[in-house]
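In order of appearance the chains are A, B and C, and numbering begins at 1 in each one.
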């Protein structure tokens, strides 16, 4: 037994080292650029594939492989800084964070197009021996990874402590204005930091490939998440803290697997993340401060005036949409129904992220809650579908608000990280709570849509139902926005401090927004579940959260009509250009990047 | 004769608010020149304009015979301007010695830097005792000295100081003023922004008084010190009505 | 009768710097008390402590006879305290009218029933359904907001639905004061209401504040334009380095040597700062 524990400890330590290579870079970037880099995991995958390609095509020995990985990853990092972030200097607070998400989408998709989504095996370049120690074993690869981890730490420490550029990095992280007044070129420092961070991330990627003997383009998102968790444990911007946080995370996961099984691994990571955000948002190693540091200052959303759309035009659009089924084009209707379901989600997100300024990156979890709630009510409790769907909306409103409630006191990037973590937790609970959710098998045979005995399972029926529900939700949301709630929500977004001084309780109004938004998203998830008749824990993944955010930004943050338009465009256009189907995510990413850079107020304007 | 630093017809803006209205001023080489004025008179913005931290809407900045309007800050520094920013802005997690060497960041002459470190520590003996201490843990007065020493490490022709006595105890205020004079005696031109008019004029050669973005008064420091109008500039235009006691 | 505001022994330190050391003041109903002092004297920190944005390290604040030391700003707003901010924190994307209406938030009754637990849900429902009482309340608030905006003459009236970010600096300050008045405050804290204004605009603002004072409002004012302070104030407190160095009638304070020194500095370098003895009580 003790031998097994030894193995788990070694495993946790090795994984911790891999996380450390990721997290250290995130900490450096956060230090100089005040930015959580969501593209970090994508660079890690770039590293993994570079290594794979070098070994496969060029037959490089290990040191050369590593050099290739370092060079390519560093170059990608420089590109991210130069093309994606530097032009955004002085734009709204969330712009750089959204830009890194866009870059991540683009990088992931390019890799997938180059190497296909199928997993690849990385040839082992390390001898396969293992030594037995006290009942457990250590292999050459374990030693290599630990060695590279430690060497990187020493090299990084020396760089920061003994080189001129290293000093400039530290000075910039502590006070970038003052650093400039010492003659430090902050742009160059940023570029150097992105290069170093990306090189470390790339090395981490290739080592993981060797450790698990497999790489795929899908690993990017998880790598970003794990790096961020380790970063938060250690404290944003704290390099030694990031290393310690990584080892803690690696060991926690490893012991967690030992105790509960593999499917619990990520649950541990994300519960740890949320616990840290709630209780120690500055990390384990920071002295207690009253408030987490505000990552960025300035306007939260882009300033603009919304495009005014006359009522008759809206009425005409609804009429045209209602008459669409008369064309008798089932395929078109299918896309239409899909767009409408997404539009409900976008409606919800534009309220939460746009009107109230809580940029949620876990919004798809609300779909999952709604879908499962309605499906289970209909299947296990035998409720009629027409009753199960609104009930699911209420369940989602209550549960969703309750889940994000601990995050209400967070601001800026922390909100995004927390909602991302909460979203992952929801998916993992669904996966692991087998008794309720049937676990990995998923929910099959969900009864079709039906209202008071009228079967709406047909394409037309689904479409009309979705349209009716969407119009209702949108009108309701517009009505709320025109009440005192609209100005109160937007006041919280524009200046929470001034809002509090006028008696506006942030918690209460954020809860109301998440409550109403949760209802809309829950309904969307519920309808989707009945329309698809099968869902599982992966149906509503993080990529849907990101897609919804892109829709909302495309339409204009906070803009109800914009959300509907954004959803319709992003769902319908790729269908119209079917030959582009495999480039779809790539297009989403590019759209997101172009919007942030050139039209941050979206098509219809922010509200 | 040409001044070391000259601002010509500067109009600058902070968002929609105009901060400077056709501002003209010159700093002669070898002098201590102070820019005085009450709150929100535009003093700090003048400093930012010189250092390239803020671009003026119109007007030109000349330093050492060349135009530096709109140059990025690091390049302005490389031309020989040292900065002691408002509120000191040290690198709090770096040691005193690291802060000093950051002051020499724009230089590459290693041997001379080492010599300058000795020279600067001679001027600020208090810092020598604390070389290994983190800057953030020092008292306000010591931090101010370190900020001045750090600026000197760049071997500047001109040092710009923004409110060097703000928030210091009276004892340190006097010490800081003495040090400014000592720095000037070593041949470094000093351009300082100060709210505390009497103190600044006590050590300066020449002074400007800024009032809502315009130069209201200027002249040799000795004359300004005796000029009753300087009090009006601070306490509002009608101070004389009340029969003031000077 | 208890004073409107009673501050005793208030202290606040940031790191090693003492921003406010042992501040004390009394403000009686209908009085206008000004706080003046050079940059960094601790005036705004004092405002933040009184208005609940910061918690004091020591001391007490009593508002309308209640101890509110360290109370949340939401609660203070409910008690009738309104404040403006040094740099004009308007809600940039909200219209002028909406900015002022947010100021009235603490006065919302019909749409914010004080029911425990279910209150927020009822609020959501009432906002969607809008029964007569809610509509009447909103209409009354709008009317009141228009009246407040009209205090600034034609400055804001033509811009009712312009977003605040598009306003001039002076107009933003006016919006801020309008927002504060919409709370129907019993105590108004004004932090440099004329900052960034030219002479005409300053004179106008002075007229507005004078009018507020005439209407009986109790006002605590931070201001640098001493002329305005002299004309409006019943009493003046002078702060320097986090301490009160003088307090008294405007004219007396103006000729207090300690005050002149605080602003201009002491005459000779090398001389330690004179202790603040010559204060006018």
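By our rule, a contact is a pair of C-beta atoms (placed from the backbone, for glycine too) under 8 Å apart; a residue touches a chain by one contact, two chains touch by 3 or more.
This one's a predicted model, so the numbers in the text were calculated from it and none came from an experiment.
**Q** What chains, if any, are shared contacts of chain B and chain C?
**A** Common neighbours, chain B/chain C: A.
**Q** Can you name the chain whose C-alpha mean lies closest to the mean of all the C-alpha atoms?
**A** Closest chain centre to the overall C-alpha centroid: A.
**Q** Which of the two pairs, A-C or A-B, is linked by more C-beta contacts?
**A** A-C
**Q** For chain B and chain C, let me know how many angstrom lie between their CA-based centres, rounded off.
**A** 33
**Q** Could you put a whole-Å number on the gap between the CA centroids of chain A and chain C?
**A** Those two chain centres are 42 Å apart.
**Q** Roughly how many whole angstrom separate the Cα centroids of chain A and chain B?
**A** About 47 Å separates the centre of chain A from that of chain B.
**Q** Touching chain A in the complex: which residues of chain C?
**A** Answer in residue numbers: 51-53, 72-74, 76-78, 82-83, 85, 89-94, 98, 101-103, 105-106, 108, 111, 120-121, 123-124, 127-128, 130, 138, 163, 165, 179, 183.
**Q** Chain C touches which residues of chain B in the complex?
**A** 15-17, 38-40, 139-140, 163, 166-167, 170-171, 173-174, 177, 195-200, 202-203, 212, 230-231, 234-239, 242, 244-245
**Q** Spell out the part of chain A that touches chain B in their complex, as residue ranges.
**A** Those in contact with chain B are residues 164, 167-168, 170-171, 174-175, 177-186.
**Q** Considering only the defined contacts, which chain A positions touch chain C in the complex?
**A** It comes out as residues 299, 301, 303, 305, 476, 479-480, 483-485, 487-488, 490-491, 493-495, 497-505, 508, 511-512, 515-516, 606-607.
**Q** Given the complex with chain A, which residues does chain B contribute to the contact?
**A** 51, 53, 72-74, 77-78, 83, 85, 89-94, 98, 101-103, 105-106, 150, 154
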